[in-house]
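Chain naming follows the written order as A, B, C and D, and within any one chain the residues start at number 1.
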Amino acid sequence: MVIVLAADATESDVEAIVDRVVNAGGEAFVSRGVSRVIVGLVGDVDRFETLNFGAMPGVHSVTRISAKYKLVSLEHRQERSTVYVRGVPIGPDTVTLIAGPCAVETPEQTLEAARMAQAAGATLLRGGAFKPRSSPYAFQGLGELGLRILADVRDETGLPVVTEVVSAQDVEMVARYADMLQIGTRNMQNFGLLQAVGEAGKPVLLKRGMSASIEEWLMAAEYVAQRGNLDIVLCERGIRTFETATRNTLDISAVPVVQGLSHLPVMIDPSHSGGRRDLVLPLSRAAIAVGADGVLVDVHPHPEQALCDGPQALVADDLRILQRSLEDLAGVLGRGVPSWRSRRAA
Amino acid sequence: MVIVLAADATESDVEAIVDRVVNAGGEAFVSRGVSRVIVGLVGDVDRFETLNFGAMPGVHSVTRISAKYKLVSLEHRQERSTVYVRGVPIGPDTVTLIAGPCAVETPEQTLEAARMAQAAGATLLRGGAFKPRSSPYAFQGLGELGLRILADVRDETGLPVVTEVVSAQDVEMVARYADMLQIGTRNMQNFGLLQAVGEAGKPVLLKRGMSASIEEWLMAAEYVAQRGNLDIVLCERGIRTFETATRNTLDISAVPVVQGLSHLPVMIDPSHSGGRRDLVLPLSRAAIAVGADGVLVDVHPHPEQALCDGPQALVADDLRILQRSLEDLAGVLGRGVPSWRSRRAA
Amino acid sequence: MVIVLAADATESDVEAIVDRVVNAGGEAFVSRGVSRVIVGLVGDVDRFETLNFGAMPGVHSVTRISAKYKLVSLEHRQERSTVYVRGVPIGPDTVTLIAGPCAVETPEQTLEAARMAQAAGATLLRGGAFKPRSSPYAFQGLGELGLRILADVRDETGLPVVTEVVSAQDVEMVARYADMLQIGTRNMQNFGLLQAVGEAGKPVLLKRGMSASIEEWLMAAEYVAQRGNLDIVLCERGIRTFETATRNTLDISAVPVVQGLSHLPVMIDPSHSGGRRDLVLPLSRAAIAVGADGVLVDVHPHPEQALCDGPQALVADDLRILQRSLEDLAGVLGRGVPSWRSRRAA
Amino acid sequence: MVIVLAADATESDVEAIVDRVVNAGGEAFVSRGVSRVIVGLVGDVDRFETLNFGAMPGVHSVTRISAKYKLVSLEHRQERSTVYVRGVPIGPDTVTLIAGPCAVETPEQTLEAARMAQAAGATLLRGGAFKPRSSPYAFQGLGELGLRILADVRDETGLPVVTEVVSAQDVEMVARYADMLQIGTRNMQNFGLLQAVGEAGKPVLLKRGMSASIEEWLMAAEYVAQRGNLDIVLCERGIRTFETATRNTLDISAVPVVQGLSHLPVMIDPSHSGGRRDLVLPLSRAAIAVGADGVLVDVHPHPEQALCDGPQALVADDLRILQRSLEDLAGVLGRGVPSWRSRRAA
């Protein structure tokens, strides 16, 4: 059972609720979000129902939770959502291209990649300043210096910035530079980080854990939503299987499955799923055809020199083909406008 | 090392080769295909190279095999192949729709499903008379009676028939009725069956094993090819992973991966991969967009009464949407013609 | 619903049953085993229950099947079974060691491997004459010549022979030489083969499919049992996962899981699961400790020359350690006697 | 290439190294651990070798890294390590039993579970105060209150405490109460957390990620080691596969595989891998037989009331059998003493 408090609830309202739960032999877990307080009850739910919490002061609503996730479910909001990143839409009416370098290396490389991305129709710039790497001896990203480069490139190009945050302590700092916070595949169940981005006041791009079920993914989104942030975009990026021809196996079925369960937009990252440049174009086409709200691709002006994931980065010619494909498919599929023609005033 | 004999090689030519191999301390394995004899050599290949097999009577070619598969590889035939099933093309210029009931149950149900399929643009009829089922207590198919029903429906509708064969003993009988022999996922490494269909003189639809790597799948195709039959169409139908929201996980990346390795056409079966009707349309669109040469779908006039896999069968309305989607996508992707407009005189 | 006929049931008894089913709108599938006829009914089971099949001539029993497998289930036979292979027990009171070369190559190699196995306490000899290989260019086994070698070595050493059969056509021939028929991992769902070995009158060693669930494995065993043969030993040999340090991942939990569901003996093959010699000893110890009824290991006098799976074959020193380990563990675990001390008169 | 600085290296020594790297066109990443500074070099390693870093002031050693992990590798320390937790050994000479409740719920439940554990031979108490749960609506643990309960129970029983920490911010606080810090499966690649526990001055229990390869697991351990903490115990707890009969699939082969690659002790958690009480005893026996240095099991005085993972908790009778099994197996396997007889003075 979940009790959502009213915006003007007082601390003593909260305490009164907790006391009533404890006196009934239950336990009360208080989650303090940015915009509201939620009290989760654990114990004998049938007994709780007799206690009339709805009539207590400061209570906004009382919900008996049966599903494992609720705020992100389709039942909760009957139509599909559009998330805006500084005015750039990601949602059912558009096809959004997010592109940029896997890792920010230098101002020149980042600007050059951003120009390439923009020329190909990208309306959001991706780039990693904090890179979670399997080996402690691999390049871990430039940190705050990388964020500053991204912000400068945004000023230069006008492209809002999507970048990964890897620890709860960094969220506030990353949010000062970024327009959208990315949670990477390895952190999909880093619950403290999910809660921190839920309170950061910025849209969130939540990648699927490489071995997470779709249900676990939606529960991870619920962790963000529970803190009062529903501006969440899901991103499928491949799951771990026995097949070794690709780095991971893109679970393209996840898109329609998620769309049957949740109102959140869902994108596909064809670069990380395959780990191979030659697969990015066909998988991007498949992504749009299956109904994804956009794709997220790696680009690099000089992939052979990339410090991270060079073999999967697109170069300029690929990008032109990608743009044309997305335009054509968007037309056929009744998504009249790619997002690069539909940016609303921020 | 593989020695391919000339069409007019004699038995004593073969024996001479075997003797030379054995005298050199090696072993010789003789494969007798319909149209030719192949001798595989196991042992010291460097030594074999000194023995000048190419000059022996009856020898057509001597190849040092490094790849695990050869005849089906892209190197072997530099352009992508088209396979014709009674004149219906499956290949790079078309989008082919194969549709029909998972299992043949009655003449009426089969004819009705075929009419639905045909109305939606299907140019080949699928239907199972032999059903490999996990449980011995599940419906196993009508056997030869089912084949007769399929043949009758072909006469009625003009649709060539694709049907599964599950044991080597049945190949000859099934081939009398069918226009294309299907190898199901559980038999992808039933090597005796692969060899038998390789000699049956009919095109083969080879489904990927649900836990087979792409490399193993191509080696399975090589078993068929080695018997002299290169009319092979590959079909991805989902692999086994931890995800339970879908019956299997469609490995859509397999299509471009295979196209980089093999000249064989490759299709997708979106019905069996997901096991859910609501996924068939989006996955079919994704299949065509990723570059597959066609899709294979279950249809049933009354899915709620189906003896096998009812929950995934399309009904009439779905089929009309599917047809329109495939037409539109074929246009955008430069496959000018769906196969239902390009049937050549058989 | 399943109707088992009496041993003296006539053909017209069968027909009468089928007619009654069909008249009730159902379908009847007749399975003719060696020792009995079984009729499986598909349709409206509630209706069938009103038809009083139990009173019809020739009917032995009528069972409403709810489980997907029945004859091999623990409910069906309340205590764990022992299977005898020419007098050698595999079951709950013993620890049985089956050893031998992966592939039979020559009489000398086979005899030498058998002597090694016997010296280490093996009471059954394994060896492959038919090898299902992923690549058509790999060594496929010596065929009937290999079987003859195995039979000769049995005469020499007294060790009964376990060998794989890969196609239904070969079952009768292989059964003439072998004492136990092995179904390999790739054929676990080759249902025609399962039925053929079910009728061959020899004990069966049924390896788990490398991507088969435990439930599917037991249903495969049920295919054998349904033909009247309950002398089935299950063998776990590793499943396919994302981990690449081992060839497959030994699912050791499968042993106690199976023992909670089925009365059949269950063994472990630590050679094929890991594909590495250094893992065979520790995994064999784990196998016995977890409660397996025995282990199946590859041995080879000269692994570096083996035509198949040399890297996993044990050599003489390993075998002595293995024997001591199994003896010690059998004692601790209350399996008083390894099978090499308990062979009963055949 | 990795440069480890001497303990007395100055900041200007570090700067000089970084300058030399940058001037050579490379990049230098400075990691500041508690006890030492490490500089990782990315770029042209052959060029770096000519720069003679070893002769620069403040440099302790220069290593060309080929492996992806080094400090935890077997090459780095030729014999297997023993880690002491307040004097309790985990290592090659002992069999250590860590037991306790999955989640700390109340002082009474925790004390009762600890008494049960101790009676069964456990020498370390496990218990969760911070529980990473897939759903935000599930019980998340008592937090610091739970840690206080654990500390009180340690005072009462003398059992050192092993408990999970889930975020880098909490490490210092958790380390004040705990004797060993556990990293759970979902956090195995939470690199900030790994680094934080690497600096906390307490032994670390590092569970394998449920979809992590063994190589990734060792690289995660390297993250901890790199911060100067080599008191790491690895714990296999099951990986994610297609099999649904068990919650995860225990990868028992991981134990000998790890022992061939790393000097770190390795344990097994049979409770979480299977998620079923009936599997804990056989899997514990298998764990010891395969060579693990101990097992980690859930116990609960009243599993039916447990707030977390009740179905897998052992009760008192199970524990007595477990103790006897471990004693017997330790004897057979030449681990003379279970850890409950070998605690050294702390």
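As a convention for this text, a contact is a pair of C-beta atoms (placed from the backbone, for glycine too) under 8 Å apart; a residue touches a chain by one contact, two chains touch by 3 or more.
Just so it is clear, the structure is predicted and the values come from calculations on it, not from any experiment.
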Taking each chain's C-alpha mean as its centre, the one farthest from chain B: D
Fraction-based call for chain D against chain A, same above half, different below: same
Chain A-chain C separation of Cα centroids, rounded to whole Å: 49
Centroid distance [mean C-alpha coordinates] between chain D and chain A, Å: 30
Distance from chain B to chain A - Cα centre to Cα centre, in angstrom: 40
Residue numbers of chain C (touch at least two other chains): 211, 240-242, 244
Chain C-facing residues of chain A, complex: 240-242, 244
Chain D partner contacts - residues on chain A that touch it in the complex: 2, 27, 29, 31, 40, 42, 65, 68-69, 132-137, 139-140, 166-169, 186-187, 189-193, 210-211, 216, 219-220, 222-223, 226, 240, 307
Residue ranges of chain D touching chain C (in the complex, touch as defined): 211, 213-215, 239, 241-246, 249-257, 260, 273-274, 278-279, 282-283, 285-291, 328-329, 331-333
